[in-house]
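Here the structure is laid out as structure tokens; the discussion comes afterwards.
Naming follows writing order (A, B, C and D), and every chain is counted from residue 1.
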Amino acid sequence: MWQFFHKLGSPKWFFGISTRFMPWLLAGGVLLLMAGVVWGLAFAPKDYLQGNSYRIIFIHVPTAFMAQSVYIMMASAALVTLVWRMKLADVFVKAVAPVGLVLTFLALFTGAVWGKPTWGTWWIWDARLTSMLILLFLYGGVIALDRAINDEKSAARAVAVLVLVGVVNIPIIKYSVDWWNTLHQPATFKLTEKPSMPAEMWVPLLLSVLGLYLIFGWLACVRMQTEILSREQRTRWVKEFVLKGRV
Amino acid sequence: MNTPDAIVHRPDYGALMSEPLPLIPEPLLQAINLQCERDKRILFRELSFSILPGTVTRVEGPNGSGKTTLLRILAGLNDAWAGDLKWCGAPVANHREEFLRNMLYLGHRPGIKPLLTPLENLRAVMAGRRPVSDASLNQALQGTGLAGYENVPCRNLSAGQQRRVALARLLIADEPLWLLDEVFTAIDADGVAAIEALLQQRAAEGGAVLVTTHHDLALPNMHRLVLGKGGVTDER
Amino acid sequence: MNAETRPAVQLASSSVGALAAMKGVFARDMKVAFRQRQDLLNPLLFFIMVVTLFPLGVSPEVSFLSQAGAGILWVAALLSVLLSLDHLFRHDFDDGTLEQLVLQPQPLFLLILAKTMAHWMLTGLPLVILAPVLGVMVHLDGNSIAVLCLTLLIGTPVLSLIGAIGAALTLGLRSAGVLLSLLIIPLYIPVLIFGTGTVAAAAEGAAVGAYLALMGAFLMLALTLAPFAAAAALRISLSNG
Amino acid sequence: MAFDSFSAFISMEGHGPYVWACYAVFFVLMAVLMAGSLRSRKAMVESCRRGYEFQAAKGKVASAPASSASFARVNVSQD
């Protein structure tokens, strides 16, 4: 068990294994996402309440879902960084934070555009969108802190503390924003909450969520490899990999 | 080679034990295979040494060789290192508070609040360590040549005088291990000589002193720990 | 060499209690602050000025101010706490006393708790005391002012505690002030929401006991967790500097 | 197929601009992110390779030790 854990933390081992998986992640991800998107755009039935604008759901929900799960993943990695000082964990946090930021922005953007035909306005202080906006701030803070600290080990550990503080706060933020929302406006029509969704709608949704997940995996691998190369460039194995063209 | 022999009284952990513990000569602090990287550059690696009681060790090396970093690592201020640090044979990480009780660190920055008087500064720093009477604190300040300045805010003192406020802690210290980083900065020649004598006296009492300085120290039996580019030698 | 002539040194096995150490830290911070009283006034002046901006910038009408007043006061209080946070560790870091604090043979989180308490006494508490005056100026009714002060009393320590984490994380960095705000403002949002929400509920005549209890729970959570996070962050920042 | 014709598919009963804008921004941003990540990885590999070649060319001479400093005054030239 410990040996496996140790191996998992070794950048060289990760580099080898991720290079092998990356093409599959990319191919699978693009395929699933495309299938989900095409199905959702062209074949899924029209929503009886919102009409065709609901088709934004097939990218809004995957990005929103991923934006949140990326933060949770970062928090798990941050815990590993602080407790076991595993090198790969802090490489992961640093590599995926910008991806999380882009996904959060996409969720916000699609939510706002979706709001226009549904509510008649680009922005509404709806609980979900507001929570998403705060998540965007959290990602922004993580990236800003990481950039501000020169020493990469200190940066990794400082960021880990910040991410963990953030993840403790996320449920509190979510709860307080929900409460604030009910206080200021009566329950409005929610974008994605449906009593029941027919299979022709949720299957493509599931496909695109899975697809985006795999693409995220690929992105994480690419960006982690970049970071590993940068950090380990003085080691013999990186030199060997680079000079022999194994990267 | 003339290594002063020394012994350490172990702290009396078992309050019920009435007879004195056996006296064991052993290093106060041991570093085993220390490695430190800074900005992708290895400052030192495979650095191993022992600090025995009754010794004064001077850490030497050119600018940028990692003297300050080494002292900060030993003090537990810098944790970007790999290897083992042992306090009286046990890992420092497991006995942090015990280690801190027995270690006195003075760094580049004197640790003096400019708005407080020397006496208030000393009082504040001792408040978290152990009770010391104001009379003793005043005596320590007088010992560093600050008689008459006890109640002047430190910002009105010269750099050397501020440094002396920090050094006053050495006169009331009961910590056996002293880590002193460039403490002679801004101190005049007489002051340096007096502090040298103090370090020697502390070593004679069984303490251990690790010091970095660019001053020439005239201490007999001084150990030297030389940090250099890429390699470390321990010369006695 | 025989045993009698060997030098011997006694290892210390005890030091002052943590409570005494906390008292020492607290007393020193208070003393330093009162030697430089202008620094104490600055956040208060800032608080008053920000509140003044709203009637001037938005509307002096009684209807607007009495509705938005609690929010304005809360936002202004939040900003002035934020403004004062940069000083929490910076001076200690610059003059080296922070190193000596970390090297005290005491649990660091308790020492940080003491520092944070001193910070609150010097910034948060004066804001709470000043709030009724400003509350009158923005036409809040008596009940709302009382509830507002209660929420500030419970909420500002949370601001100081969470802020300590940010101050510790950004210690020794260039442009630390702006960065600190970026990191901390998102974490302040729940406190702000419940602070103003409670006053709004009180204005509608609802019972506010439950909301205040919830804010108390926030405070307890921050008291138990934030000092640990700040201690970890402080060690990291010191290790870097 | 939920639509009768291709033009109906494009217009989506008036919701077309919203839907297509979302999808366009999504795909463009994702593509930029993916291409950017790949490019910076390539750049990193290149910079490593150049570093190794530079090292090999330069031999074993590392940066100068501080003790080699002479503090000799520099004859300032202007060009």
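Keep this in mind: a contact is a pair of C-beta atoms (placed from the backbone, for glycine too) under 8 Å apart; a residue touches a chain by one contact, two chains touch by 3 or more.
What you see is a predicted model; the values in this text were computed from it and never measured.
Student: Of every pair of chains, which is linked by the largest number of C-beta contacts?
Tutor: Counting C-beta pairs in contact for each chain pair, the top pair is B-C.
Student: If every chain is reduced to the average of its C-alpha atoms, which one ends up farthest from subunit A?
Tutor: B
Student: If you average the Cα atoms of each chain, whose average lands nearest the overall Cα average?
Tutor: Of all chains shown, the one whose C-alpha centroid lies nearest the global centroid is C.
Student: With chain centres defined as C-alpha means, what is the inter-centre distance between subunit A and subunit B in Å?
Tutor: 48
Student: Measuring from the mean C-alpha position of subunit B to the mean C-alpha position of subunit C, what distance in angstrom results?
Tutor: Each chain's C-alpha centroid was found; their separation is 34 Å.
Student: Per the centroid of Cα atoms for each chain, what is the distance between subunit A and subunit D, given in Å?
Tutor: Taking the mean C-alpha position of each chain, the two centres sit 20 Å apart.
Student: Could you list the positions in subunit A whose residues touch two or more of the other chains?
Tutor: Only 150-151, 154 qualify.
Student: On subunit B, where are the residues touching two or more other chains?
Tutor: Residue numbers touching two or more other chains: 80.
Student: So which bits of subunit C are touching at least two other chains?
Tutor: Those would be 239.
Student: For the complex, give me every residue of subunit C touching subunit A.
Tutor: For subunit C paired with subunit A, touching residues are 162, 165, 169-170, 173-175, 179, 182-183, 185-187, 189-190, 193-194, 197, 200-201, 218, 225, 229, 232-233, 236-237, 239-240.
Student: Using the touch rule from the top, collect the residues of subunit A that touch subunit C in their complex.
Tutor: Residues in contact with subunit C: 82, 134, 137-138, 140-141, 144-145, 148-151, 154, 157-158, 161-162, 164-166, 168-169, 172-173, 175-177, 179-180, 183.
Student: Going by the contact rule at the top, pick out the subunit B residues touching subunit A in the complex.
Tutor: Residues of subunit B touching subunit A: 38-40, 80.
Student: Under the stated contact criterion, what part of subunit A meets subunit D in this complex?
Tutor: 37, 41-46, 51-53, 55-56, 59-60, 63, 98-99, 102, 105-106, 109-110, 113-114, 116-117, 215, 218-219, 222-223, 225-226, 229-230, 233, 238-239, 242-243, 247
Student: Can you tell me which positions in subunit B touch subunit C when the two form their complex?
Tutor: Residue positions touching the partner: 4-13, 23, 25, 53-54, 75-80, 88, 97-98, 100-103, 105, 107-116, 120, 123-125, 127-131, 153, 174-176, 203-207.
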